[in-house]
(Lines give C-alpha, C1' and ligand atoms only; values in the text may rest on other atoms or scores of the structure.)
Protein backbone atom coordinates (compact mmCIF):
# COMPACT_ATOMS: atom_id res chain seq x y z
CA UNK A 1 0.00 0.00 0.00
CA UNK A 2 1.17 3.47 -0.67
CA UNK A 3 2.06 5.99 1.97
CA UNK A 4 0.89 8.80 -0.31
CA UNK A 5 -2.14 9.39 1.83
CA UNK A 6 -4.86 11.05 -0.23
CA UNK A 7 -6.37 14.37 0.69
CA UNK A 8 -8.58 13.94 3.69
CA UNK A 9 -11.89 15.77 4.05
CA UNK A 10 -13.22 14.49 7.34
CA UNK A 11 -17.02 14.29 7.43
CA UNK A 12 -19.51 14.05 10.28
CA UNK A 13 -21.78 11.07 10.87
CA UNK A 14 -24.68 13.10 9.46
CA UNK A 15 -22.75 14.05 6.35
CA UNK A 16 -21.67 10.46 5.72
CA UNK A 17 -25.24 9.25 6.24
CA UNK A 18 -26.56 11.77 3.70
CA UNK A 19 -23.86 10.86 1.19
CA UNK A 20 -24.60 7.14 1.45
CA UNK A 21 -28.38 7.70 1.37
CA UNK A 22 -28.02 9.75 -1.80
CA UNK A 23 -25.75 7.16 -3.45
CA UNK A 24 -27.65 4.05 -2.35
CA UNK A 25 -31.31 4.94 -1.74
CA UNK A 26 -32.20 1.25 -2.02
CA UNK A 27 -30.10 0.44 1.06
CA UNK A 28 -33.06 1.23 3.30
CA UNK A 29 -35.66 -0.65 1.25
CA UNK A 30 -36.38 -2.99 4.17
CA UNK A 31 -36.17 -0.25 6.80
CA UNK A 32 -33.27 1.65 8.29
CA UNK A 33 -31.26 -1.09 9.98
CA UNK A 34 -27.79 0.48 9.87
CA UNK A 35 -27.30 3.67 11.86
CA UNK A 36 -24.02 5.59 11.65
CA UNK A 37 -23.44 6.71 15.23
CA UNK A 38 -20.12 8.48 14.95
CA UNK A 39 -17.27 9.12 12.55
CA UNK A 40 -13.78 10.31 13.46
CA UNK A 41 -10.52 10.83 11.60
CA UNK A 42 -9.90 7.12 11.22
CA UNK A 43 -12.81 5.49 13.04
CA UNK A 44 -16.51 4.88 12.56
CA UNK A 45 -19.14 3.43 14.83
CA UNK A 46 -22.20 1.81 13.26
CA UNK A 47 -25.20 0.29 15.00
CA UNK A 48 -27.08 -2.55 13.34
CA UNK A 49 -30.59 -2.56 14.76
CA UNK A 50 -32.13 -5.89 15.58
CA UNK A 51 -34.58 -7.01 12.90
CA UNK A 52 -36.21 -10.21 11.75
CA UNK A 53 -33.68 -10.28 8.90
CA UNK A 54 -30.55 -10.46 11.06
CA UNK A 55 -31.74 -12.71 13.87
CA UNK A 56 -31.75 -16.48 13.87
CA UNK A 57 -33.60 -19.18 15.73
CA UNK A 58 -32.54 -19.43 19.33
CA UNK A 59 -32.19 -15.69 19.58
CA UNK A 60 -28.86 -14.87 18.01
CA UNK A 61 -27.48 -12.69 15.21
CA UNK A 62 -26.71 -14.33 11.88
CA UNK A 63 -23.10 -14.52 10.69
CA UNK A 64 -23.87 -12.83 7.36
CA UNK A 65 -25.49 -9.93 9.25
CA UNK A 66 -22.31 -9.49 11.31
CA UNK A 67 -20.25 -9.60 8.12
CA UNK A 68 -22.54 -6.95 6.64
CA UNK A 69 -22.15 -4.46 9.49
CA UNK A 70 -18.38 -5.10 9.74
CA UNK A 71 -17.94 -4.44 6.03
CA UNK A 72 -20.25 -1.41 6.12
CA UNK A 73 -18.45 0.16 9.09
CA UNK A 74 -15.16 0.17 7.17
CA UNK A 75 -16.92 1.77 4.21
CA UNK A 76 -18.33 4.46 6.52
CA UNK A 77 -14.91 5.16 8.01
CA UNK A 78 -13.45 5.52 4.52
CA UNK A 79 -16.13 7.99 3.45
CA UNK A 80 -15.65 9.87 6.71
CA UNK A 81 -11.96 10.17 5.92
CA UNK A 82 -11.98 10.63 2.16
CA UNK A 83 -15.42 12.06 1.42
CA UNK A 84 -17.35 11.24 -1.73
CA UNK A 85 -14.14 10.05 -3.42
CA UNK A 86 -14.52 6.86 -1.38
CA UNK A 87 -18.05 6.10 -2.64
CA UNK A 88 -16.86 3.80 -5.48
CA UNK A 89 -14.54 1.85 -3.17
CA UNK A 90 -15.08 -1.89 -3.04
CA UNK A 91 -14.13 -4.58 -0.57
CA UNK A 92 -11.28 -6.75 -1.79
CA UNK A 93 -10.91 -8.92 1.31
CA UNK A 94 -12.77 -9.38 4.56
CA UNK A 95 -11.70 -11.83 7.24
CA UNK A 96 -14.10 -12.25 10.15
CA UNK A 97 -13.67 -14.35 13.29
CA UNK A 98 -16.71 -15.08 15.42
CA UNK A 99 -15.69 -15.15 19.07
CA UNK A 100 -18.90 -15.88 20.92
CA UNK A 101 -22.56 -16.45 20.17
CA UNK A 102 -24.16 -13.02 20.42
CA UNK A 103 -27.53 -12.43 22.08
CA UNK A 104 -30.42 -11.03 20.02
CA UNK A 105 -29.52 -7.38 20.56
CA UNK A 106 -28.30 -4.48 18.45
CA UNK A 107 -24.75 -4.98 17.22
CA UNK A 108 -22.17 -2.19 17.40
CA UNK A 109 -19.31 -2.23 14.89
CA UNK A 110 -16.31 -0.03 15.54
CA UNK A 111 -14.04 0.25 12.52
CA UNK A 112 -10.55 1.71 12.67
CA UNK A 113 -8.60 2.57 9.54
CA UNK A 114 -5.13 1.11 10.07
CA UNK A 115 -3.68 2.33 6.81
CA UNK A 116 -5.05 4.37 3.92
CA UNK A 117 -2.88 4.33 0.83
CA UNK A 118 -3.55 5.57 -2.67
CA UNK A 119 -5.11 2.37 -3.89
CA UNK A 120 -5.79 0.23 -0.86
CA UNK A 121 -7.05 0.80 2.64
CA UNK A 122 -6.76 -1.69 5.49
CA UNK A 123 -8.96 -1.58 8.57
CA UNK A 124 -9.94 -3.62 11.58
CA UNK A 125 -13.38 -3.89 13.15
CA UNK A 126 -14.47 -4.82 16.67
CA UNK A 127 -18.07 -6.02 17.04
CA UNK A 128 -19.97 -5.80 20.32
CA UNK A 129 -23.47 -6.48 21.53
CA UNK A 130 -25.37 -3.46 22.75
CA UNK A 131 -24.58 -2.92 26.42
CA UNK A 132 -21.59 -5.27 26.60
CA UNK A 133 -17.88 -4.55 26.40
CA UNK A 134 -17.01 -8.10 25.35
CA UNK A 135 -16.21 -8.61 21.67
CA UNK A 136 -18.54 -10.94 19.78
CA UNK A 137 -16.49 -10.87 16.57
CA UNK A 138 -13.40 -9.26 15.07
CA UNK A 139 -12.69 -8.54 11.43
CA UNK A 140 -9.99 -7.12 9.20
CA UNK A 141 -10.70 -5.79 5.74
CA UNK A 142 -8.98 -4.42 2.68
CA UNK A 143 -10.78 -2.01 0.36
CA UNK A 144 -9.74 -1.08 -3.16
CA UNK A 145 -10.09 2.69 -3.11
CA UNK A 146 -10.52 3.31 -6.79
CA UNK A 147 -12.57 0.66 -8.42
CA UNK A 148 -10.21 -0.60 -11.08
CA UNK A 149 -11.99 -3.93 -10.92
CA UNK A 150 -13.51 -4.48 -14.34
CA UNK A 151 -16.70 -6.37 -15.01
CA UNK A 152 -16.16 -10.07 -15.42
CA UNK B 1 -7.90 -30.11 14.36
CA UNK B 2 -8.35 -33.73 15.12
CA UNK B 3 -7.86 -36.52 12.69
CA UNK B 4 -10.54 -38.57 14.44
CA UNK B 5 -12.92 -38.06 11.60
CA UNK B 6 -16.50 -38.46 12.82
CA UNK B 7 -18.87 -41.00 11.41
CA UNK B 8 -19.90 -39.96 7.95
CA UNK B 9 -23.44 -40.41 6.66
CA UNK B 10 -23.32 -38.90 3.21
CA UNK B 11 -26.61 -37.29 2.19
CA UNK B 12 -28.05 -36.27 -1.18
CA UNK B 13 -28.80 -32.67 -2.16
CA UNK B 14 -32.49 -33.39 -1.63
CA UNK B 15 -31.91 -34.84 1.84
CA UNK B 16 -29.75 -31.89 2.88
CA UNK B 17 -32.35 -29.44 1.55
CA UNK B 18 -35.10 -31.16 3.55
CA UNK B 19 -32.97 -31.21 6.70
CA UNK B 20 -32.16 -27.51 6.44
CA UNK B 21 -35.76 -26.59 5.56
CA UNK B 22 -37.00 -28.47 8.62
CA UNK B 23 -34.43 -26.85 10.89
CA UNK B 24 -34.69 -23.31 9.52
CA UNK B 25 -38.13 -22.78 7.97
CA UNK B 26 -37.59 -18.99 8.20
CA UNK B 27 -34.66 -19.21 5.78
CA UNK B 28 -37.05 -18.94 2.84
CA UNK B 29 -39.16 -16.09 4.27
CA UNK B 30 -38.20 -13.84 1.38
CA UNK B 31 -38.36 -16.59 -1.26
CA UNK B 32 -36.13 -19.50 -2.07
CA UNK B 33 -32.89 -17.81 -3.06
CA UNK B 34 -30.41 -20.57 -2.18
CA UNK B 35 -30.67 -23.81 -4.12
CA UNK B 36 -28.54 -26.81 -3.22
CA UNK B 37 -27.55 -28.24 -6.58
CA UNK B 38 -25.32 -31.11 -5.57
CA UNK B 39 -23.63 -32.67 -2.57
CA UNK B 40 -20.72 -35.12 -2.63
CA UNK B 41 -18.47 -36.73 -0.05
CA UNK B 42 -16.62 -33.52 0.64
CA UNK B 43 -18.14 -31.01 -1.76
CA UNK B 44 -21.32 -29.02 -2.18
CA UNK B 45 -22.57 -26.81 -4.96
CA UNK B 46 -25.07 -24.07 -4.12
CA UNK B 47 -26.75 -21.61 -6.48
CA UNK B 48 -27.76 -18.19 -5.20
CA UNK B 49 -30.53 -16.94 -7.45
CA UNK B 50 -30.45 -13.31 -8.47
CA UNK B 51 -32.87 -11.23 -6.42
CA UNK B 52 -33.41 -7.60 -5.55
CA UNK B 53 -31.83 -8.34 -2.17
CA UNK B 54 -28.45 -9.48 -3.46
CA UNK B 55 -27.96 -7.08 -6.37
CA UNK B 56 -26.55 -3.59 -6.18
CA UNK B 57 -26.75 -0.49 -8.31
CA UNK B 58 -24.80 -0.84 -11.52
CA UNK B 59 -25.83 -4.45 -11.84
CA UNK B 60 -23.55 -6.38 -9.55
CA UNK B 61 -23.83 -8.77 -6.61
CA UNK B 62 -23.35 -7.38 -3.11
CA UNK B 63 -20.36 -8.50 -1.06
CA UNK B 64 -22.52 -9.62 1.89
CA UNK B 65 -24.58 -11.79 -0.48
CA UNK B 66 -21.41 -13.49 -1.71
CA UNK B 67 -20.32 -14.01 1.89
CA UNK B 68 -23.73 -15.53 2.62
CA UNK B 69 -23.60 -18.10 -0.14
CA UNK B 70 -19.94 -18.95 0.58
CA UNK B 71 -20.73 -19.54 4.24
CA UNK B 72 -23.90 -21.48 3.43
CA UNK B 73 -22.15 -23.75 0.92
CA UNK B 74 -19.71 -24.92 3.61
CA UNK B 75 -22.61 -25.59 5.94
CA UNK B 76 -24.31 -27.65 3.23
CA UNK B 77 -21.15 -29.66 2.61
CA UNK B 78 -20.86 -30.37 6.33
CA UNK B 79 -24.44 -31.59 6.57
CA UNK B 80 -23.92 -33.68 3.45
CA UNK B 81 -20.92 -35.30 5.11
CA UNK B 82 -22.04 -35.54 8.74
CA UNK B 83 -25.83 -35.52 8.51
CA UNK B 84 -28.04 -33.87 11.11
CA UNK B 85 -25.14 -33.90 13.61
CA UNK B 86 -23.78 -30.91 11.70
CA UNK B 87 -26.95 -28.80 12.07
CA UNK B 88 -25.73 -27.00 15.24
CA UNK B 89 -22.34 -26.19 13.67
CA UNK B 90 -21.38 -22.53 13.60
CA UNK B 91 -18.91 -20.52 11.58
CA UNK B 92 -15.87 -19.53 13.58
CA UNK B 93 -13.95 -17.83 10.79
CA UNK B 94 -14.60 -16.85 7.21
CA UNK B 95 -12.06 -15.13 5.00
CA UNK B 96 -13.32 -13.98 1.61
CA UNK B 97 -11.36 -12.35 -1.21
CA UNK B 98 -13.27 -10.64 -4.01
CA UNK B 99 -11.43 -11.15 -7.27
CA UNK B 100 -13.56 -9.35 -9.82
CA UNK B 101 -16.79 -7.40 -9.98
CA UNK B 102 -19.46 -9.98 -10.80
CA UNK B 103 -22.26 -9.33 -13.27
CA UNK B 104 -25.89 -9.43 -12.08
CA UNK B 105 -26.33 -13.17 -12.56
CA UNK B 106 -26.85 -16.21 -10.35
CA UNK B 107 -23.80 -17.02 -8.24
CA UNK B 108 -22.51 -20.60 -7.93
CA UNK B 109 -20.57 -21.50 -4.78
CA UNK B 110 -18.56 -24.71 -4.77
CA UNK B 111 -17.39 -25.67 -1.29
CA UNK B 112 -14.78 -28.34 -0.64
CA UNK B 113 -14.15 -29.74 2.81
CA UNK B 114 -10.38 -29.71 3.25
CA UNK B 115 -10.36 -31.23 6.71
CA UNK B 116 -13.07 -32.45 9.07
CA UNK B 117 -11.91 -33.07 12.61
CA UNK B 118 -13.83 -33.81 15.75
CA UNK B 119 -14.34 -30.19 16.70
CA UNK B 120 -13.36 -28.11 13.72
CA UNK B 121 -13.82 -28.33 9.99
CA UNK B 122 -11.92 -26.28 7.42
CA UNK B 123 -13.14 -25.70 3.88
CA UNK B 124 -12.51 -23.60 0.83
CA UNK B 125 -15.08 -22.13 -1.54
CA UNK B 126 -14.83 -21.03 -5.16
CA UNK B 127 -17.49 -18.57 -6.36
CA UNK B 128 -18.45 -18.23 -10.01
CA UNK B 129 -21.02 -16.33 -12.01
CA UNK B 130 -23.55 -18.47 -13.84
CA UNK B 131 -22.13 -19.45 -17.20
CA UNK B 132 -18.54 -18.41 -16.53
CA UNK B 133 -15.55 -20.47 -15.44
CA UNK B 134 -13.71 -17.46 -14.02
CA UNK B 135 -13.71 -17.11 -10.25
CA UNK B 136 -15.37 -14.00 -8.88
CA UNK B 137 -14.38 -14.67 -5.26
CA UNK B 138 -12.60 -17.26 -3.12
CA UNK B 139 -13.15 -18.01 0.55
CA UNK B 140 -11.84 -20.21 3.30
CA UNK B 141 -13.81 -21.00 6.39
CA UNK B 142 -13.57 -22.77 9.72
CA UNK B 143 -16.65 -24.21 11.39
CA UNK B 144 -16.96 -25.30 15.01
CA UNK B 145 -18.67 -28.65 14.69
CA UNK B 146 -20.19 -28.86 18.11
CA UNK B 147 -21.45 -25.55 19.30
CA UNK B 148 -19.54 -25.13 22.54
CA UNK B 149 -19.84 -21.38 22.09
CA UNK B 150 -21.84 -20.11 25.05
CA UNK B 151 -24.16 -17.13 25.00
CA UNK B 152 -22.35 -13.88 25.70
CA UNK C 1 -14.51 -19.97 21.78
CA UNK C 2 -15.49 -20.44 25.34
CA UNK C 3 -16.04 -17.67 27.82
CA UNK C 4 -14.80 -19.93 30.61
CA UNK C 5 -11.59 -18.02 30.91
CA UNK C 6 -8.91 -20.21 32.45
CA UNK C 7 -7.04 -19.35 35.61
CA UNK C 8 -4.69 -16.51 34.93
CA UNK C 9 -1.23 -16.32 36.48
CA UNK C 10 0.21 -13.16 35.01
CA UNK C 11 3.97 -13.34 34.52
CA UNK C 12 6.64 -10.70 34.00
CA UNK C 13 8.72 -10.37 30.83
CA UNK C 14 11.64 -11.92 32.71
CA UNK C 15 9.58 -14.87 33.92
CA UNK C 16 8.20 -15.51 30.42
CA UNK C 17 11.69 -15.30 28.95
CA UNK C 18 13.00 -17.85 31.46
CA UNK C 19 10.07 -20.18 30.83
CA UNK C 20 10.56 -20.10 27.08
CA UNK C 21 14.35 -20.44 27.36
CA UNK C 22 13.90 -23.51 29.55
CA UNK C 23 11.35 -25.07 27.19
CA UNK C 24 13.09 -24.23 23.91
CA UNK C 25 16.84 -23.84 24.51
CA UNK C 26 17.42 -24.31 20.77
CA UNK C 27 15.50 -21.11 20.01
CA UNK C 28 18.67 -19.07 20.51
CA UNK C 29 20.97 -21.38 18.51
CA UNK C 30 21.72 -18.60 16.04
CA UNK C 31 21.90 -15.88 18.69
CA UNK C 32 19.27 -14.10 20.73
CA UNK C 33 17.19 -12.37 18.07
CA UNK C 34 13.85 -12.15 19.89
CA UNK C 35 13.73 -10.04 23.04
CA UNK C 36 10.61 -9.94 25.19
CA UNK C 37 10.38 -6.28 26.20
CA UNK C 38 7.18 -6.26 28.22
CA UNK C 39 4.22 -8.43 29.13
CA UNK C 40 0.90 -7.22 30.54
CA UNK C 41 -2.44 -8.81 31.36
CA UNK C 42 -3.35 -9.25 27.70
CA UNK C 43 -0.45 -7.71 25.83
CA UNK C 44 3.15 -8.49 24.96
CA UNK C 45 5.82 -6.47 23.26
CA UNK C 46 8.64 -8.32 21.48
CA UNK C 47 11.64 -6.86 19.68
CA UNK C 48 13.17 -8.76 16.77
CA UNK C 49 16.77 -7.61 16.46
CA UNK C 50 18.12 -7.01 13.00
CA UNK C 51 20.28 -9.92 11.82
CA UNK C 52 21.58 -11.30 8.56
CA UNK C 53 18.85 -13.94 8.79
CA UNK C 54 15.89 -11.55 8.76
CA UNK C 55 17.11 -8.94 6.31
CA UNK C 56 16.81 -9.07 2.56
CA UNK C 57 18.61 -7.46 -0.34
CA UNK C 58 17.81 -3.79 -0.64
CA UNK C 59 17.74 -3.40 3.11
CA UNK C 60 14.38 -4.66 4.21
CA UNK C 61 12.96 -7.27 6.58
CA UNK C 62 11.83 -10.58 5.13
CA UNK C 63 8.14 -11.50 5.25
CA UNK C 64 8.78 -14.82 7.01
CA UNK C 65 10.74 -12.96 9.71
CA UNK C 66 7.78 -10.66 10.29
CA UNK C 67 5.49 -13.69 10.46
CA UNK C 68 7.85 -15.24 13.00
CA UNK C 69 7.85 -12.30 15.38
CA UNK C 70 4.08 -11.77 15.01
CA UNK C 71 3.42 -15.42 15.84
CA UNK C 72 5.94 -15.41 18.69
CA UNK C 73 4.48 -12.25 20.26
CA UNK C 74 1.07 -13.92 20.58
CA UNK C 75 2.73 -16.94 22.18
CA UNK C 76 4.50 -14.67 24.65
CA UNK C 77 1.25 -12.90 25.53
CA UNK C 78 -0.43 -16.26 26.14
CA UNK C 79 2.34 -17.44 28.45
CA UNK C 80 2.24 -14.10 30.24
CA UNK C 81 -1.47 -14.60 30.81
CA UNK C 82 -1.70 -18.34 31.42
CA UNK C 83 1.78 -19.28 32.64
CA UNK C 84 3.43 -22.58 31.80
CA UNK C 85 0.02 -24.07 30.90
CA UNK C 86 0.32 -22.17 27.62
CA UNK C 87 3.67 -23.71 26.66
CA UNK C 88 2.13 -26.55 24.57
CA UNK C 89 -0.17 -24.11 22.70
CA UNK C 90 0.10 -24.15 18.93
CA UNK C 91 -0.86 -21.71 16.22
CA UNK C 92 -3.95 -22.80 14.32
CA UNK C 93 -4.25 -19.75 12.07
CA UNK C 94 -2.22 -16.67 11.34
CA UNK C 95 -3.26 -14.00 8.87
CA UNK C 96 -0.70 -11.29 8.17
CA UNK C 97 -1.04 -8.21 5.99
CA UNK C 98 2.09 -6.34 4.98
CA UNK C 99 1.34 -2.63 4.83
CA UNK C 100 4.61 -1.07 3.80
CA UNK C 101 8.16 -2.10 3.00
CA UNK C 102 10.02 -1.85 6.29
CA UNK C 103 13.54 -0.43 6.58
CA UNK C 104 16.37 -2.65 7.86
CA UNK C 105 15.79 -1.92 11.53
CA UNK C 106 14.62 -3.83 14.58
CA UNK C 107 10.95 -4.80 14.38
CA UNK C 108 8.62 -4.32 17.34
CA UNK C 109 5.57 -6.62 17.59
CA UNK C 110 2.80 -5.67 19.98
CA UNK C 111 0.34 -8.51 20.52
CA UNK C 112 -3.01 -8.04 22.21
CA UNK C 113 -5.11 -10.99 23.35
CA UNK C 114 -8.63 -10.26 22.12
CA UNK C 115 -10.20 -13.37 23.56
CA UNK C 116 -8.91 -16.27 25.60
CA UNK C 117 -11.28 -19.20 25.86
CA UNK C 118 -10.78 -22.68 27.19
CA UNK C 119 -9.53 -24.12 23.93
CA UNK C 120 -8.81 -21.24 21.63
CA UNK C 121 -7.27 -17.81 21.96
CA UNK C 122 -7.54 -15.03 19.40
CA UNK C 123 -5.13 -12.11 19.22
CA UNK C 124 -4.08 -9.26 17.02
CA UNK C 125 -0.58 -7.97 16.44
CA UNK C 126 0.70 -4.58 15.29
CA UNK C 127 4.21 -4.51 13.82
CA UNK C 128 6.36 -1.39 13.79
CA UNK C 129 9.88 -0.48 12.81
CA UNK C 130 12.09 0.71 15.64
CA UNK C 131 11.60 4.44 16.08
CA UNK C 132 8.48 4.76 13.94
CA UNK C 133 4.82 4.86 14.94
CA UNK C 134 3.62 3.77 11.51
CA UNK C 135 2.52 0.14 11.19
CA UNK C 136 4.53 -1.99 8.79
CA UNK C 137 2.26 -5.04 9.13
CA UNK C 138 -0.81 -6.24 11.01
CA UNK C 139 -1.73 -9.79 11.92
CA UNK C 140 -4.46 -11.76 13.60
CA UNK C 141 -3.92 -15.20 15.01
CA UNK C 142 -5.73 -18.10 16.62
CA UNK C 143 -3.94 -20.45 18.99
CA UNK C 144 -5.15 -23.85 20.14
CA UNK C 145 -4.52 -23.70 23.88
CA UNK C 146 -4.29 -27.40 24.59
CA UNK C 147 -2.57 -29.25 21.86
CA UNK C 148 -5.20 -31.77 20.87
CA UNK C 149 -3.68 -31.82 17.42
CA UNK C 150 -2.45 -35.37 16.88
CA UNK C 151 0.55 -36.35 14.87
CA UNK C 152 -0.26 -36.84 11.21
CA UNK D 1 -7.88 -7.28 -9.32
CA UNK D 2 -7.67 -6.65 -12.98
CA UNK D 3 -8.60 -9.13 -15.66
CA UNK D 4 -5.94 -7.66 -17.96
CA UNK D 5 -3.73 -10.66 -17.51
CA UNK D 6 -0.12 -9.70 -18.22
CA UNK D 7 1.97 -11.38 -20.87
CA UNK D 8 2.87 -14.85 -19.75
CA UNK D 9 6.29 -16.38 -20.39
CA UNK D 10 6.02 -19.77 -18.76
CA UNK D 11 9.33 -20.99 -17.34
CA UNK D 12 10.59 -24.42 -16.28
CA UNK D 13 11.53 -25.34 -12.73
CA UNK D 14 15.18 -25.09 -13.73
CA UNK D 15 14.75 -21.65 -15.26
CA UNK D 16 12.89 -20.36 -12.21
CA UNK D 17 15.56 -21.79 -9.91
CA UNK D 18 18.30 -20.05 -11.89
CA UNK D 19 16.43 -16.76 -11.91
CA UNK D 20 15.87 -16.83 -8.16
CA UNK D 21 19.45 -17.96 -7.46
CA UNK D 22 20.76 -15.06 -9.55
CA UNK D 23 18.49 -12.54 -7.84
CA UNK D 24 18.91 -13.80 -4.27
CA UNK D 25 22.25 -15.59 -3.94
CA UNK D 26 22.02 -15.18 -0.14
CA UNK D 27 18.88 -17.39 -0.05
CA UNK D 28 21.08 -20.48 0.16
CA UNK D 29 23.51 -19.13 2.77
CA UNK D 30 22.48 -21.85 5.23
CA UNK D 31 22.28 -24.56 2.59
CA UNK D 32 19.79 -25.32 -0.14
CA UNK D 33 16.62 -26.03 1.82
CA UNK D 34 14.03 -25.06 -0.78
CA UNK D 35 13.90 -27.14 -3.95
CA UNK D 36 11.63 -26.17 -6.82
CA UNK D 37 10.31 -29.50 -8.05
CA UNK D 38 7.95 -28.42 -10.80
CA UNK D 39 6.35 -25.35 -12.33
CA UNK D 40 3.29 -25.29 -14.56
CA UNK D 41 1.13 -22.60 -16.12
CA UNK D 42 -0.44 -21.68 -12.82
CA UNK D 43 1.08 -24.10 -10.34
CA UNK D 44 4.37 -24.68 -8.57
CA UNK D 45 5.57 -27.47 -6.34
CA UNK D 46 8.33 -26.73 -3.82
CA UNK D 47 10.00 -29.11 -1.40
CA UNK D 48 11.35 -27.79 1.89
CA UNK D 49 14.05 -30.20 3.04
CA UNK D 50 14.15 -31.07 6.70
CA UNK D 51 16.86 -29.14 8.54
CA UNK D 52 17.73 -28.20 12.08
CA UNK D 53 16.35 -24.73 11.32
CA UNK D 54 12.81 -25.82 10.47
CA UNK D 55 12.28 -28.58 13.01
CA UNK D 56 11.12 -28.17 16.57
CA UNK D 57 11.39 -30.20 19.73
CA UNK D 58 9.21 -33.26 19.63
CA UNK D 59 9.95 -33.80 15.99
CA UNK D 60 7.71 -31.42 14.13
CA UNK D 61 8.03 -28.59 11.61
CA UNK D 62 7.90 -25.02 12.90
CA UNK D 63 4.99 -22.78 11.91
CA UNK D 64 7.26 -20.05 10.53
CA UNK D 65 8.99 -22.64 8.33
CA UNK D 66 5.61 -23.69 6.90
CA UNK D 67 4.76 -20.04 6.32
CA UNK D 68 8.09 -19.61 4.53
CA UNK D 69 7.58 -22.46 2.08
CA UNK D 70 3.93 -21.49 1.47
CA UNK D 71 4.93 -17.92 0.68
CA UNK D 72 7.88 -19.03 -1.44
CA UNK D 73 5.80 -21.48 -3.49
CA UNK D 74 3.46 -18.66 -4.58
CA UNK D 75 6.48 -16.57 -5.54
CA UNK D 76 7.82 -19.46 -7.61
CA UNK D 77 4.48 -19.91 -9.36
CA UNK D 78 4.40 -16.21 -10.21
CA UNK D 79 7.90 -16.28 -11.67
CA UNK D 80 7.00 -19.41 -13.59
CA UNK D 81 4.03 -17.59 -15.07
CA UNK D 82 5.38 -14.07 -15.52
CA UNK D 83 9.14 -14.58 -15.77
CA UNK D 84 11.63 -12.09 -14.38
CA UNK D 85 8.93 -9.39 -14.30
CA UNK D 86 7.66 -11.10 -11.15
CA UNK D 87 10.99 -10.89 -9.30
CA UNK D 88 10.17 -7.59 -7.53
CA UNK D 89 6.72 -8.87 -6.43
CA UNK D 90 6.03 -8.75 -2.70
CA UNK D 91 3.58 -10.51 -0.46
CA UNK D 92 0.76 -8.26 0.66
CA UNK D 93 -1.22 -10.85 2.61
CA UNK D 94 -0.75 -14.43 3.67
CA UNK D 95 -3.31 -16.37 5.65
CA UNK D 96 -2.23 -19.81 6.84
CA UNK D 97 -4.25 -22.42 8.70
CA UNK D 98 -2.42 -25.29 10.39
CA UNK D 99 -4.51 -28.42 10.14
CA UNK D 100 -2.45 -31.05 11.89
CA UNK D 101 0.90 -31.38 13.61
CA UNK D 102 3.31 -32.49 10.88
CA UNK D 103 5.97 -35.13 11.42
CA UNK D 104 9.65 -34.21 11.02
CA UNK D 105 9.78 -34.85 7.29
CA UNK D 106 10.23 -32.79 4.14
CA UNK D 107 7.28 -30.49 3.44
CA UNK D 108 5.77 -30.21 -0.03
CA UNK D 109 3.97 -26.97 -0.93
CA UNK D 110 1.74 -26.92 -3.98
CA UNK D 111 0.76 -23.40 -4.98
CA UNK D 112 -1.98 -22.65 -7.48
CA UNK D 113 -2.46 -19.19 -8.95
CA UNK D 114 -6.17 -18.48 -8.68
CA UNK D 115 -6.05 -15.08 -10.32
CA UNK D 116 -3.29 -12.99 -11.82
CA UNK D 117 -4.25 -9.40 -12.49
CA UNK D 118 -2.16 -6.42 -13.49
CA UNK D 119 -1.32 -5.39 -9.96
CA UNK D 120 -2.35 -8.23 -7.69
CA UNK D 121 -2.17 -11.99 -7.81
CA UNK D 122 -4.11 -14.33 -5.55
CA UNK D 123 -3.10 -17.93 -4.90
CA UNK D 124 -3.80 -20.85 -2.65
CA UNK D 125 -1.29 -23.34 -1.28
CA UNK D 126 -1.72 -26.90 -0.03
CA UNK D 127 1.02 -28.20 2.28
CA UNK D 128 1.76 -31.91 2.69
CA UNK D 129 4.31 -34.02 4.48
CA UNK D 130 6.55 -36.10 2.24
CA UNK D 131 4.81 -39.38 1.50
CA UNK D 132 1.37 -38.41 2.76
CA UNK D 133 -1.68 -37.17 0.89
CA UNK D 134 -3.20 -35.53 3.95
CA UNK D 135 -2.91 -31.75 4.16
CA UNK D 136 -0.92 -30.40 7.08
CA UNK D 137 -1.70 -26.75 6.34
CA UNK D 138 -3.52 -24.58 3.82
CA UNK D 139 -2.77 -21.00 2.89
CA UNK D 140 -4.05 -18.23 0.67
CA UNK D 141 -1.91 -15.31 -0.37
CA UNK D 142 -2.03 -12.04 -2.25
CA UNK D 143 1.04 -10.65 -3.96
CA UNK D 144 1.55 -7.11 -5.22
CA UNK D 145 2.99 -7.68 -8.66
CA UNK D 146 4.76 -4.41 -9.11
CA UNK D 147 6.30 -3.20 -5.95
CA UNK D 148 4.62 0.16 -5.52
CA UNK D 149 5.14 -0.17 -1.79
CA UNK D 150 7.46 2.65 -0.80
CA UNK D 151 10.01 2.53 1.95
CA UNK D 152 8.55 3.48 5.29
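Worth a mention:
The first chain written gets the first letter, and so on, giving A, B, C and D; residue counts start at 1 in each chain.
Here is the rule we go by: contacts are C-beta pairs under 8 Å (C-beta built on N, C-alpha and C of every residue); 3 or more make two chains touch, one makes a residue touch a chain.
Nothing here was measured: the structure is a model prediction, and the numbers come from that model.
Note: the chain lying farthest from subunit C is B, by mean C-alpha position. Simply put, of B-C and B-D, more C-beta pairs touch at B-D. In terms of their C-alpha centroids, the spacing between subunit A and subunit B amounts to 23 Å. Subunit B and subunit D have CA centres that are 29 Å apart. Measuring from the averaged C-alpha position of subunit B to that of subunit C gives a distance of 33 Å.
Within subunit A, the positions touching two or more other chains are listed as 1, 3, 92-93, 95, 97, 100, 134, 142, 149-150, 152. Taken in their complex, subunit B has these residues touching subunit C: 1-4, 92-93, 95, 119, 142, 148-150, 152.
Interface residues of subunit A facing subunit C in the complex, by the touch rule stated above, are 1, 3, 95, 97, 99-100, 114-115, 122, 124, 134-135, 138, 140, 142. Residues 23-24, 26, 29, 52, 56-57, 60, 63-64, 67-68, 71, 90-98, 100-103, 129, 132, 134, 136, 147, 149-152 of subunit C touch subunit D in their complex.
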